[in-house]
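Heads up, the thing below is written out as structure tokens.
Every chain is named by a letter (A, B, C, D, E and F) in the order it is written, and numbering of its residues begins at 1.
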Amino acid sequence: MIDALYIDEMIRNALKEDMPLGDITTDNTIPENTQTKASLIAKESGIIAGLDVSRRVFEILDSSIAFDAKIKDGQYVEKGQLIAEISGNARAMLKGERTALNFLQRMSGIATKTNAFVEKIRGLHATVVDTRKTTPGLRYIEKYAVKVGGGSNHRFCLSDGVMIKDNHIKAAGGIKQAIEMARKGIPHTIKIEVETETIEQVKEAVDSKADIIMLDNMDNETMKKAVEYIDGRALTEASGNVSMDTIYEIALTGVDIISIGSLTHSVKAFDISMKIL
Amino acid sequence: MIDALYIDEMIRNALKEDMPLGDITTDNTIPENTQTKASLIAKESGIIAGLDVSRRVFEILDSSIAFDAKIKDGQYVEKGQLIAEISGNARAMLKGERTALNFLQRMSGIATKTNAFVEKIRGLHATVVDTRKTTPGLRYIEKYAVKVGGGSNHRFCLSDGVMIKDNHIKAAGGIKQAIEMARKGIPHTIKIEVETETIEQVKEAVDSKADIIMLDNMDNETMKKAVEYIDGRALTEASGNVSMDTIYEIALTGVDIISIGSLTHSVKAFDISMKIL
Amino acid sequence: MIDALYIDEMIRNALKEDMPLGDITTDNTIPENTQTKASLIAKESGIIAGLDVSRRVFEILDSSIAFDAKIKDGQYVEKGQLIAEISGNARAMLKGERTALNFLQRMSGIATKTNAFVEKIRGLHATVVDTRKTTPGLRYIEKYAVKVGGGSNHRFCLSDGVMIKDNHIKAAGGIKQAIEMARKGIPHTIKIEVETETIEQVKEAVDSKADIIMLDNMDNETMKKAVEYIDGRALTEASGNVSMDTIYEIALTGVDIISIGSLTHSVKAFDISMKIL
Amino acid sequence: MIDALYIDEMIRNALKEDMPLGDITTDNTIPENTQTKASLIAKESGIIAGLDVSRRVFEILDSSIAFDAKIKDGQYVEKGQLIAEISGNARAMLKGERTALNFLQRMSGIATKTNAFVEKIRGLHATVVDTRKTTPGLRYIEKYAVKVGGGSNHRFCLSDGVMIKDNHIKAAGGIKQAIEMARKGIPHTIKIEVETETIEQVKEAVDSKADIIMLDNMDNETMKKAVEYIDGRALTEASGNVSMDTIYEIALTGVDIISIGSLTHSVKAFDISMKIL
Amino acid sequence: MIDALYIDEMIRNALKEDMPLGDITTDNTIPENTQTKASLIAKESGIIAGLDVSRRVFEILDSSIAFDAKIKDGQYVEKGQLIAEISGNARAMLKGERTALNFLQRMSGIATKTNAFVEKIRGLHATVVDTRKTTPGLRYIEKYAVKVGGGSNHRFCLSDGVMIKDNHIKAAGGIKQAIEMARKGIPHTIKIEVETETIEQVKEAVDSKADIIMLDNMDNETMKKAVEYIDGRALTEASGNVSMDTIYEIALTGVDIISIGSLTHSVKAFDISMKIL
Amino acid sequence: MIDALYIDEMIRNALKEDMPLGDITTDNTIPENTQTKASLIAKESGIIAGLDVSRRVFEILDSSIAFDAKIKDGQYVEKGQLIAEISGNARAMLKGERTALNFLQRMSGIATKTNAFVEKIRGLHATVVDTRKTTPGLRYIEKYAVKVGGGSNHRFCLSDGVMIKDNHIKAAGGIKQAIEMARKGIPHTIKIEVETETIEQVKEAVDSKADIIMLDNMDNETMKKAVEYIDGRALTEASGNVSMDTIYEIALTGVDIISIGSLTHSVKAFDISMKIL
């Protein structure tokens, strides 16, 4: 699902970052051709993401390593559950351990966090999406982890989605003008989203045929009015410090989409250990 | 303090990740030569780290942008405090905003978290250090942020420090043998650390002239005994799921060093906003 | 308008391709500090695109070279008209000449060709757009040249637009299913286009709420019927070997968009010479 | 014949340009392990070049794809003729289609155009060669395509051939001086070519022992006189807007070499389609 | 022992440096699928290093080439002895010959030179180590060759070892201050070395708890006194134009380590030829 | 004379190799804005090469550093002579010292060695040239240093010169055939050299119109006969373990060119020190 074209260079760089000159402990204490086995074990419960990335870490170090995943990305594991078995050259396994876990733990942390939000509003209309508040260099795999956790993706970057904010509106001379200027300059395959903070702005955005209207930092009552006013003429997105405490009420307003920066900017690494046998 | 030699490529890659083909909103709505000003404002209280990285983000986009930092890395800011003023080309400022914040918020989050641990044991002997559980690709700036927060760094990678673990000991035939094999193979400028889980292992490590002895997941009582036994013959490092609740008691055992993976693997982004005027 | 972030590496690679080891003619016959001037002269009439790229070629070779563009990208020049004056180090100017022209001539060729199509249907409703049939490595500047010539851009790549073709439909089990599968998997900021060859497929696409319907290789009569049937419920795109001879009749069918592969895949270099004084 | 060492990185970059983040249509509508077959079919008649490049595009995406070329580079195909059969993973085939064709169509376009010139003067003495007017980044494969089409290569770049032009002569103080300066500075394995526009310059070039004399933009009569004067004492090269209408007469002047910029700078993509079964 | 992770890019760059556009001799005279065999023969006696690097050169050019090493890195060969047999595609073997030998001869030259120093002081206490006076870009394989030759490595770079010199001492305000400042700023896994030129400085270094004391350009008598004074309280390193004529006497002073820049900065290529059969 | 286009990346890589994570000694002991001056002093007599490379090392670290070269590349310096004065930021100067010297000492070593050979045969006809036996990654600057030392360059690589050896001849079916095959496949701007070991081969090479004939490992008497036989019909190159002891006699044979591998494969670093004031 994640193509080697995209991740091999990222993994190679991560491995070189962690051992620019070999692993001086392992290279000096473990005989060159020692074979061993290891298990990846969940040390808490949650959703796993990043198995392909972990596998590639070991494969890049030694193409003969066997990485036998016991589950698939997106699956829920219980604390103590076996995630994967790895067997092959001991040196390569010790060298890859930390890098493989750094990827897997971060991605699983994102998937697990996303899933918690998704579950919290299960049955309601809204979709949980991410933002551009990702770790520099890891956006692709972090957005992938959000999807694995049951969320959806917002635009990937500044080049593939339009988000008209305050400053664009001022510079353009109004929401209508900004939308028109954008529409003229972008591919016809891309929608236009406008950020609004008041009902008045919402009305102007609807009048200007915005495809998506972000309701930014509105209280739930205002948000509900906005959704009612828009009435399907545009997609609606709730935004602004959404938390596990607030998401349910937000979803009840009827918005289509709830975007959550903390899915990727404030992540607890999912606890996984690699036991070498 | 952070040399452009190390961060320019990282920043360029982050910017290309966020706008491989320009910012289609800004490029279509903001006139090319519009000038503006912006403020970076702390939205919570804590320690700031990464000002040089943020500055470079804007400079790389437009060398004429002025980034006027009001504080220095390592300084404590109150919620609402002005961190920096930026002025120059409006397009460049809008394009760089998210990337600059992604770096600055993560680094400040690490510095603030580190500082909380450091303050918790202020007056006691122990030093707070990081681990290799960093974000792939960002180890350099994350370890820098740990220092900015008042912590110290553990080895940077597998190539510049020796950490003899269980598997190395088994393969080598014992702690003594592993240390000897490592000592023979590494530069004389590098110390040797051995991971121990029992007092017996601690004794063997001391006998084998380990420079540093990691006390891994020991209870505080055992740890205290270990420290007393070692009695300055090696540096001691406490390791294993150290938290704000446990660090004080750990430090009381007398260990020299307390290493904490969560300083970098589970970080809450420090809340900072960029207000464009 | 074209950010150095995107083109510097491309230019550096082009220069290294053309002189991996210096210009052995110039380095051996022109004294190191010789200063000179040169003019870029149009040798035919048309639209110029790529002045920023040409300028950067010389700047990268010698930052003190002055490149004084007499026109802007998108402007029409007559045969014989002065495009730019360049002055500075003679060696750098001779070394950069071919590379600067290779970019400028190709980009101006694309802009001029695009403009001819645009002019051909001036006053009619349709918009001229490009395709992904671009030169590997140059898509960004080629799509830029299309816009300079008065055209618009189709999706940039496989990652930022959905185009459901025959094979996707078959694998998904129908147009409706394919659209639903895509809608679920993509960011909400991206529209969905479906390729159709018959009126039946058009109807199915409309029923399935496609945002854009490509009318692929239809004769003009069928296309007209399709446009009438769709009646604004989706954007319409005519596609398939559009030429200067056929575009006017195609535009008369009422389609919104006409995509033309030859804008970028079959380009005549615009004739420009650099006269060194 | 084209070594992977040279083209893999170029292809990887082309693929990343076309799908920095996957093919969002294919990834969402085609099941991961779907197998399929496809045919590359010539939609016009001409010379094919670039089969190895096309093959590598698919192999890089999925090493298990089988690319069964039915012809070899340089072979003439009729409209409708089968060029290659491809079988394997459907996703990889759909993802690689456009990139593989972009390479193959451009290279075959160059080979076919070159071949037309070569055939036009078949039986005469002159050799058709290319120039440095190639697409930035693609010089290697474009010059390869010229050879596949029956032409020969001029110097590859500024570093591996000497071409003394007007400006070099002026700066050096004369043809003789320029040649001497160049001869002294270059490897003994490289010949020296001088650009001339008049018979007087030709005489001076011969006297100065130029290895190759370019007859630049001369009328055919002057060119014939030049060739007679030179009489084998140097290779002769005709240059300057050579077209299908003029090449035969030019070749009749007896020149050894005819260089043609449009072989690479103004290319019509050779029409090839990939039919997925 | 040398991981492909570290050397593949270096080898690819070396091959591209030597044949950016193919081997025009071989490509034009040797049929594409010719198979052949070759032998690597020592043309002098000494220690071989770099077999893995040589093997990779050929493997990167053609993965089906068989490289059958008859010895291992570190083994002594007599003049005329067979080092390895290579068989496979003739073109690839001819293309890789020079690059493979350039690596192997340099690395074996370093190993042989190092070994001569090591043998010269066999039985004495001191260890021979290298310096940072390596060839830019090749430090990893050059330091590897030193170890193959029986030497040890000094710090790899400025980032993984501390060496306090004159200028650092002056800026810090004294040896003691410099050591303290360094100790505070570096990982606890790294030792501190101080450069001294007089007995007074040695004393100060000992008092300041330097881990390693470099005795820089001291005469042997002074060095002996220094070693005696230090008496095991720090490691001692002799430094300064050590030669085969002087090393024995230096080692007799009792120093622990003797560092020799010429091991890597002044190397005679070890003579090896590749005989193609 | 050496363009930044070619060397900046090489220097950046060398600096990152030497301080992937800063200079932990300097960063911790020298205040950030300390200014200082330094002198580059020759510690032996010879020819200096590489001043531009050394300058760039410091400029890349800190663009405000002033590097005031007191001599030019190619100039002879006496032991103790001042080569350059450097002033600026102390940290940058200490960080760049070793890398700048590693380049400058190697390049000056090559220039000095080359010059010794050139002087040895001053007044005789032959030219001293280098080979492809260069350090991987440094061929450009090493061949530059050979020219600075008064030598000339042989072909740069396998792509820009033809050298027909034994194996090519056998595969092609004879010298004549090999030359014809090569001539047909290469640009007309490149000469053809043939390696010969006997007078018979020399005769065949002349008959086949080789441009250059290498006399490989011939004794001087045979070489003289070969030169006489060739009598100006081709350039002649003596090759094979040329030393300071043998070059004069070789030059007396009348050969045009003497190629010497040791100019670049076995170099003694030229002793230069950087004194910081």
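What we mean here is this: a contact is a pair of C-beta atoms (placed from the backbone, for glycine too) under 8 Å apart; a residue touches a chain by one contact, two chains touch by 3 or more.
Predicted model, so just to flag it, every value in this text is computed and none were measured.
Listed here as common contacts of chain D and chain F: C, E.
Listed here as common contacts of chain B and chain E: A, F.
At the chain C-chain F interface, residue numbers used by both copies make up under half of all numbers present, so the two copies contact each other through mostly different positions.
Distance from the centre of chain C peaks at E, each centre being the average of the chain's Cα atoms. Two chain pairs, E-F and D-E, are weighed by contacting C-beta pairs, with E-F ahead. Averaged C-alpha coordinates put the centre of chain A at 52 Å from the centre of chain F.
Each chain gets a centre from the mean of its Cα atoms; for chain A and chain C, those two points are 33 Å apart. Per-chain Cα centroids separate chain A from chain E by 45 Å. Residue positions of chain D touching 2 or more other chains: 20-22, 27, 156, 159-162, 184-186, 190.
You'll find the chains touch as A-B, A-C, A-D, A-E, B-C, B-E, B-F, C-D, C-F, D-E, D-F, E-F.
Contact residues on chain D toward chain E in their complex (touch as defined above): 1, 3, 5-6, 140, 156. Across the complex, chain A is touched by residues 12, 15-16, 20-22, 27, 32, 60-61 of chain D.
Within the complex formed with chain C, the chain A residues making contact are 127, 129, 147, 152-156, 159-162, 184-191, 193, 211-212, 235, 237, 256-257. For chain D in complex with chain C, the residues that touch the partner chain are 10-11, 13-14, 17-31, 34, 36, 90, 94-95, 98-99, 101-103, 105-106, 109, 132-139, 157-169, 171-172, 178, 181-182, 184-186, 190, 261-262, 265-269, 276.
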